[in-house]
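Look at the two complexes coming up: chain A is in both, with chain B in one and chain C in the other.
For the complex of A and B:
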């Protein structure tokens, strides 16, 4: 696949610029909301027109684009970005009986507003695309970047994923039973034994290319599938491991478990396939559950390689590590599944 | 409504409608240009202001040349609203 050189992350934890994963920030009103920085890189006149998802996406991407040179394209994944403005625009249509409508919410109401704004602000006229495939949007963006780098080996891309908690999407998801009814601490997420999870959000960006020197990590492989059949997923994960891992063993399984007891059996299966000796770490108690959370998982994997340690809240005990590879498994609502293998560069 | 109160209300509405996060309504001067210099508003803002006049004061601006004159400053907007408001 390709190498990850720089990364940036705005999330409910202290992840932007000087990351500190040892302190775990908890949910507010049952939501893990992003700690937003001051967005110095975004011109004030542009910032005031941005919705939260666009703001977070641009705010995390611009430091990378400004500090680390040119990119040949912008590849963004999002399942819901723009939905809040879309709903505001639709509300206006109803409220003002299809009369005079303001353009701002309309302009911001499409998911490609993030990649579009980044292209406009940085005057990047290269490849610019947004992937929308719910819980596999980020994995599709990864595969797109991989194909672009196979076709244009000298290129470098900004690759990222953004989703935010909007009032409208939270309300719908709550009614569908995807959020926990009880108000629990994220420390207890994996022991709750109840349906639903804690809603979350984040913007994660990477600079990727084919150059090994100086890279943070290498994305070795990614695979996705749609299925609710645990046996099919098990077969596919077993094949993935056999194909890409020497000795069929990962140094760490980074699990996308989100505390929803209806999905726990998928993660139990993944742990069994990875093997009893493979340690397991979690990350969704940090970022919450949202469609492109696997991007946060990949960012965490890069941080583990860099720090050589895992905070206690991720594993139950502090681990000092020198992992060479990390296997990530994520399930979105039990019907979209992804496997990623990341190794040290 | 007295002119001074109308101007103050208009300033608050402009800050709210245009999401001018770093602007205090009290800091906007009555004769300060809204576009080009001063508040440095742009063409998208002009559409937002035309919608504001329609929604809040029942004013419909159909001639772009007329709109340009009306949206020059708080003074010109308040003057037009006092003469043409329908609500």
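For the complex of A and C:
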């Protein structure tokens, strides 16, 4: 597919600029909240008016857009962006009984605000799009970038995913039963044996193009499907592995398991398909559960290639590694599934 | 490379419940604007809207939707999708095949239930049957479970140009070899949310909208849905082909969050690039379905862009004067109209137009007529600077 050159990540862990994954930061009030930097790249007047998702998106993307040459377009994935302003505007409608309302929340409630703001701030007139499809929004963004780079082989794109925890998005998920009732440490996420997970958030950005030289990683393939039938998902994952991996074996399975015991059987299935010899690492205890979390998984995969080591909290024991490829499997709420294969460049 | 052809179309809007009714209304200069009746709002009777006069209960009954939590946005989508699928004669097996994509767009999702969403967003209150139906992806999830789609599914948002990008993404999935066919479109229903939102921006007119008229006072919101079935021409040899999708482009105006630049950078760029993708020159375009919202800003900037690109401006009109601005559905509905221009070889007149804009002097198509059309362009521009243009060509 294409090559990943630069990456940037604002997450509940120390991932922005100088990443340090050895220390695991835990949840606050049952939420894994992003460690937000000071956002030096955003003009203060503009920053004040930004909602959290736009702020995190712009804050993670602008260093890449400003420091690494021409970018031909902006491809963003988000499922929740805008929800905070959306509910604020709803509150206005109800509170003032459809009276004289201020438009700021309405304008910012549109989920294309991140891509739009990035286009505006960097005067980028190129391709500009926002993918929203829940737990597969980021995978669709990947496919979009892949198609653009086939259509315009010398282009470079900003490709990213942003979802934030807002009071309202948290309340919706809480009512739908996607959070753990008990207050647990993220260290214990995979042993909890209870429904739900810990809410999370992050903004992850990549610069991608067709140039192998100097790349951090190569995205080899991505596939998605909607199903709740484990057998169908198993068939598709098996086919995916056969199609894209020599010896049908991945060096590492980076599992999107999120500690929800209702979904654990999907991840057990993926581990079985990957095979006994393939070690497993996790990442949702670091970023929490949110729709575009697989983007954080891809960022982690790039870091694993770079660091050559995995911290103990990801695997259960410290691993020194020289992986050539990493398979990612993720399920969103048990009905959306994605497979990604990423390799060293 | 095979052409990408349209083998099925379906539409529901304020001017008709299917393709035939919409065409009849366009020929007869029908305007769908009227009083908001389907839900209570302060603005009912104050701001005209393009509302579909079928209640949710009637839609549910007609479409045999018995499951809980299905919003009007999803019902309208299903209505249009069913018509497009019937027209294309796709089998249930083809619809459920892994090489069939479902790509659609919307901008309100389940927020048409503004009051329910308000209550569901608060910790203190219980949750309604719609708790999982507010987000943008919920519409495709409903359609997926109804038709058992197993190929790529995507929900796209570029504000008011959203469904143009759904159409584009589907076409590119076919072009790239990822799928053989793509069902693409858009849907949106009227909502207190959007009525109050656009009103707070002061771009809604309290009169029937008058696109490209010097005296225009703003837009009227509408609702509706439209879907197209796109297939590789070689896969559709035995089918009726309505038109081919030959050009498309997306670009950003990069000027302002909610208005277009004076020099029309974005609108000009997408029209030009869509022509390049289609391998056409401006003179090849026989008709333009303009974005034409009826706002001060849009119609002036779009006129400037057309004047910049075309040495002789082809006949053009905005069907938002008929349907209202249906937001996430608009580009798909207007794509259906552009396809009808080609398949029926006819031009539908602009309505509610009297006096050209002083600065640009452009006069939209004034009467219904048969016309030899080879290529029709359809423009869509949205908040966030998101501009798109599509070109359809004769079958």
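The rule is short, and it goes like this: the second predicted complex is superposed on the first by the 345 of 345 C-alpha atoms of A that agree within 3 Å, B and C clash if a C-alpha of one lies under 4 Å from a C-alpha of the other, contacts with A are read in each partner's own complex, and residues count from 1 in each chain.
FYI, contacts are C-beta pairs under 8 Å (C-beta built on N, C-alpha and C of every residue); 3 or more make two chains touch, one makes a residue touch a chain.
Everything quoted here is computed from the prediction, not taken from an experiment.
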Superposed partners chain B and chain C on chain A - clash or fit: fit
First (chain B), second (chain C), both or neither touched by A:193: neither
Touching partner for A:120 - first (chain B), second (chain C), both, neither: second
Touched partner set for A:44, first chain B, second chain C, both or neither: first
Partner chain in contact with A:171 - chain B first, chain C second, else both or neither: second
Contacts of A:103 with chain B and chain C, given as first, second, both or neither: both
Winner by number of chain A residues touched, once chain B and chain C are compared: C
Contacts of A:143 with chain B and chain C, given as first, second, both or neither: second
Following superposition on chain A: angle at chain A, chain B versus chain C, Cα, nearest 10°: 70
Chain B and chain C, minimum CA distance [Å, superposed model]: 10
Doubly contacted chain A residues - partners chain C and chain B: 99-103, 107
Touch list for chain A against partner chain C, complex: 74, 79-80, 86-87, 89-94, 97-103, 106-107, 109-113, 115-117, 119-120, 122-134, 136-137, 140, 143-144, 146-147, 150-151, 168, 171-172, 174-176, 224-227, 232, 335
Sites on chain A touched by chain B in the complex: 44-45, 47-49, 96, 99-104, 107
Residue ranges of chain B touching chain A (in the complex, touch as defined): 17-22, 40, 42, 44, 47-48, 50-51, 54-55
For the chain C and chain A complex, residues of the former touching the latter: 41-43, 98, 107, 111, 114-115, 117-118, 120-123, 127, 131-132, 134-137, 140-141, 144, 149-150, 152-159, 165, 169, 172-173, 175-176, 178, 192-193, 196-201, 250-258, 265-266, 269, 382-386
